[in-house]
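Working notes, beginning with the structure itself.
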Amino acid sequence: MIISTKRGTPAAELEKIIHEFEAKGLSVTMIRGTDYNVFGLVGDTTILDEKQIRANPYVENVQRVSEPYKKANRLFHEADSIIDVAGVKVGGHEKIVVIGGPCSVEGEQPTIDVAKKVKAAGGTMLRGGAYKPRTSPYAFQGLGTEGILDLVKAREATGLPIVSELMSEDRIEEFEQYVDLVQIGARNMQNFQLLKAVGKMKKPVLLKRGLANTIEEWIMSAEYIMAAGNENVIFCERGIRTFEKYTRNTLDLSVIPIIKEKTHLPIIIDPSHATGNWRYVESMSLAAIAAGADGLIIEVHENPECAWSDGAQSLKPDRFAAVIEKGRAIARVIGREM
Amino acid sequence: MIISTKRGTPAAELEKIIHEFEAKGLSVTMIRGTDYNVFGLVGDTTILDEKQIRANPYVENVQRVSEPYKKANRLFHEADSIIDVAGVKVGGHEKIVVIGGPCSVEGEQPTIDVAKKVKAAGGTMLRGGAYKPRTSPYAFQGLGTEGILDLVKAREATGLPIVSELMSEDRIEEFEQYVDLVQIGARNMQNFQLLKAVGKMKKPVLLKRGLANTIEEWIMSAEYIMAAGNENVIFCERGIRTFEKYTRNTLDLSVIPIIKEKTHLPIIIDPSHATGNWRYVESMSLAAIAAGADGLIIEVHENPECAWSDGAQSLKPDRFAAVIEKGRAIARVIGREM
Amino acid sequence: MIISTKRGTPAAELEKIIHEFEAKGLSVTMIRGTDYNVFGLVGDTTILDEKQIRANPYVENVQRVSEPYKKANRLFHEADSIIDVAGVKVGGHEKIVVIGGPCSVEGEQPTIDVAKKVKAAGGTMLRGGAYKPRTSPYAFQGLGTEGILDLVKAREATGLPIVSELMSEDRIEEFEQYVDLVQIGARNMQNFQLLKAVGKMKKPVLLKRGLANTIEEWIMSAEYIMAAGNENVIFCERGIRTFEKYTRNTLDLSVIPIIKEKTHLPIIIDPSHATGNWRYVESMSLAAIAAGADGLIIEVHENPECAWSDGAQSLKPDRFAAVIEKGRAIARVIGREM
Amino acid sequence: MIISTKRGTPAAELEKIIHEFEAKGLSVTMIRGTDYNVFGLVGDTTILDEKQIRANPYVENVQRVSEPYKKANRLFHEADSIIDVAGVKVGGHEKIVVIGGPCSVEGEQPTIDVAKKVKAAGGTMLRGGAYKPRTSPYAFQGLGTEGILDLVKAREATGLPIVSELMSEDRIEEFEQYVDLVQIGARNMQNFQLLKAVGKMKKPVLLKRGLANTIEEWIMSAEYIMAAGNENVIFCERGIRTFEKYTRNTLDLSVIPIIKEKTHLPIIIDPSHATGNWRYVESMSLAAIAAGADGLIIEVHENPECAWSDGAQSLKPDRFAAVIEKGRAIARVIGREM
């Protein structure tokens, strides 16, 4: 950590600051500049709080050199982590996974029907929302437990592992029992209580990026889950909020090489929520594969006009199949399978 | 609601769309344009899901005319709502409230000490975090129940109502019993489970704006709480995330006239979290009062350099007193008291 | 265009508004809603100024149905436009172009050397900045005319058309004489004087997206150039400004399908400026091709550590060649050549 | 400047990097950390290009300690600069200035009429656009020279100095002759050619903040003008682009204390363009004064519904007078006059 002090800081105050850091077991090197004095701190600086240091009126600036994450950091874990989701492997050089299914679960038979179509098209997992985060309290909030049980029926019918969003701690037992991959949604990415709670689960976690969260904050949320004991985290980019209005969100595909450089965990892409428009899902899916993503999560619905939520961004099963077919060819070019 | 359809949409498809809306009890008016056909829908359109309508391949665009909120909407509730926080009134032409206190509660005696200073300076409520949302799992997470009880002691010593952040449903009973104003933090603004839960509480709610949430989404989160039965919501602006890096967040003071125009609820401003720097707190506090805010929430600490969190943005008690003194003079100019 | 008026607007005022629009040759349809009255205007609404209509105190909201652009609009020009850059075709089903070269031109011999490497690697045009937009007045501002002449020498040596940024009107003659593709940089995307001026040039224009401009504004800037007489515009996405800090900008690849849907013009991608880091250039280049881009513009330097500007984002020639080789394989998958 | 190198960087490479900096006359201090090695550079680091240093594959990160601006920096110029605009003083403890007038100049008589109203209300300068930056090439582009001459007539009639936007170098002579305060618009904030050109003018410059520019970039644009010889720069905040849609832009009032801390130059606020809505202009004007702004620039039109541009954000003269009256009372509270 690098700390710069204001011009004209009295020598006694500099000494005081240095002693405080040394008392915490850190080694301090000082650089006397023309306008500022600068300290370099060596040792375990994750114990320090930058904002507390800034509170010192003689401190001009505080800059971290090391990343604040440890368990997720590739620096301390060179090999790719492979996450096992009920037998489907995600990450490293494993096959690229394709998760398909409706935004909301809409009953047992439709879920089984769409699951069969997802599987026939080449999908490797089934998604479906039973608990839905909706901006309006007057919008459909999901079927709840009934929806989870519909997904279970679809898994029995197809063998596809199931992915669903967990919105509150009081459903953890249900998810531990029934769901194969526990999704934390964008709006809960910094619901730290929930992160700690899924950190104690045995099931792997799909951690969506928050609407306006930096990559570093996202990795820190993975760190919350890992620090609580669950190291099976898969990142999922779903677009960030910007000023642009032609798309619902702005899909940030550069996170793919960055997450792989900074961490050892897998990353998958959600082109449906990112663009909010089925017409852009194919091109963004192929782009994600070309950029090195470990998987895709795509909304699929047999009749998008009648979907109970997010119909505008859902693909019909035949278009979903077409995306997978083209995606496989792209995957081969970069030395992956799908 | 206004719906435009693509050029070349077959007449039969237009008829089909019209019938669907009429079947929902809406009245449909059609405008035939040169490039597009446009429908106007009259009736209760809050039951419609825009994204589902967009899923129709003949639909080009969907635009709302009415706001999606009802209970918070000034259109249906012309008078200002006054929220009672343990006897302190917030909103309308009531006195501007000033909430002061440390970012984190740090023990019984320091809390009582700072509460006395806050009161002496003219503060009307005491804030303090017992459960802290921290980006890093390795950072101090708050004293928990002990911290809440410290606040209670400080209330007993000063008479100031207490404000604290609720991060999870399992603490609701504790907050219902001890806390006077229940804060929902920025990161939980769209934690809809938590919103529904506080909607069943009897205590008023301080709803912070999310890091990157629009004013409309913010009002919709208030609507969640109100729809669940708790109409005592106070908005709190604390800065939004932008590209700017000299401040922690960008304080959006234009929300003050907008919230007052669109809703009947009070709004207060948090200049401490918005700027992240105590040097900018005074000017932003005075600006907020001049713009018509119903209150301020300011971090106060006797020794910011030793604060357990967010020291950089905390005012010492004497500076806090100076802000209140100047603020009172500004309030008088715009016909308010403080 | 759809106009909604406030609740309680007197009938006489409604009449007045309707008459004003009818006097402009527009046909007006009225929809009487419960909370608002809504007008639909049919005719050429591009002559209307939304902000002027909003100035009427009885107007609640104004929403456009048609896009404000005409010449760039695919609605009125269904076929893809193919832009000819000194014999190299861009757009439609033509080969994907690859523009390579240094950020700044650094003298005759280095420019010829890198141009040969670009050509050998499979590049189809040469880029190089002679006039550089730099944030600091103390940074290197480019070689000016000398740099343009160095590019000309490199074109003579390799046959590659040359691309360079025009920053001011007083250099138009020079660019008309020497440069094959005239680049308008991100910071000048809304320098309307310059847009009008290049609209009178005979050379095609590469229009970069502004740092924080919407797709609609970007198309409107193309419309400026086209309306002035130059219909040979190629769009170039180079990343937008967001809150994220691990990349210089956020590359928005979803613009590829959107620009192709809304306009008939080609679009190319600049992964070097978008990411600001050579390590992410390959994956973003492959992603761009998979998403359907008509070309790439990549910074190439033989010795990035010694580059006079932007070394951090430059590829060495062998890595550039590797990108092209993989890119060709991806292009074939989606039915294009490169 | 602080440079950190990657773990495992060979000693010979470290030596090479150190020698390169020493060869540039900088003194290098090294801090050996656990994961990284860090160098501190002391000396004139404004000559270094961060992006070039990052191009070294062994370099992990580069961080500046000193600000990159000199002439605008308060560190080297402690006293407030007072800018003289044809006799009206701006900055320091001078009276807060109020610039009023129409968005676009609309002819001689209307300009004289509105100028008289502006003066009667207490305004101290007259604004009016003769050259208008419009998103659409089909929108009204301003009266040009005729508009400038109309402003001159209005100045003769009232004595108010005139402010107008310069959009291109070819009008510099005209502005040098006729205009008292030369405005550089938001879209041209990084039109570096234009900045250099106004840097050679004798008239003071009103530099608006770009749509999405950081405070640091804004100060660097002032530095361009100052470095070219014109030290009379006044900053003008007019809102930044964010995700919020209820306002045209997000007014960032925290720039007031920051610009005053980092530089010695004055800053004024434009609440009209920032909010895009006359209903929010009064509250944001009062907030700006309370926060310490040196002035306001407000759109005033006698009949906003008939304004040729931006009517929605224009105040009628009587409301403008009301803002000034309340503003004066607020100014007195903070020890200023207006």
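Just so it is clear, A, B, C and D label the chains in written order, and each chain counts residues from 1 on its own.
Here is the rule we use: a contact is a pair of C-beta atoms (placed from the backbone, for glycine too) under 8 Å apart; a residue touches a chain by one contact, two chains touch by 3 or more.
Remember, it's a predicted structure, so these values are computed and weren't measured experimentally.
Engineer: Determine, among A-D, B-D or A-C, the equivalent of interface B-C; equivalence here requires over half of the contact pairs to be the same by residue number.
Structural biologist: A-D
Engineer: Could you tell me which chain lies farthest from chain C when each chain's centre is the average position of its Cα atoms?
Structural biologist: Looking at centroid distances, B is the chain farthest away.
Engineer: How far is the middle of chain B from the middle of chain D, if each middle is the mean of its Cα atoms, in Å?
Structural biologist: Centre-to-centre distance between chain B and chain D: 31 Å.
Engineer: Taking each chain's centre as the mean position of its Cα atoms, how many Å separate chain A from chain D?
Structural biologist: That gives a centre separation of 39 Å.
Engineer: What is the distance in Å between the mean C-alpha positions of chain A and chain B?
Structural biologist: Result: the chain centres lie 26 Å from each other.
Engineer: If you look at chain D, which of its residues touch at least two other chains?
Structural biologist: Expected reply: 212, 241-243, 245.
Engineer: What residues of chain C sit close enough to touch chain D in their complex?
Structural biologist: Residue positions touching the partner: 46-47, 49, 51-57, 68, 133-141, 167-170, 187-188, 190-194, 196, 210-213, 217, 220, 223-224, 227-228, 241, 276-278, 304-314.
Engineer: Inside the complex, what are the residues of chain C that reach chain B?
Structural biologist: 2, 4, 7, 29, 31-36, 38, 40, 42-43, 60-61, 63, 65-66, 75, 212, 241-243, 245
Engineer: If you look only at chain C, which of its residues touch chain A in the complex?
Structural biologist: Per the stated touch rule, the residues are 212, 214-216, 240, 242-247, 250-254, 256-258, 261-262, 274-275, 279-280, 283-284, 286-292, 326, 329-330, 333-334.
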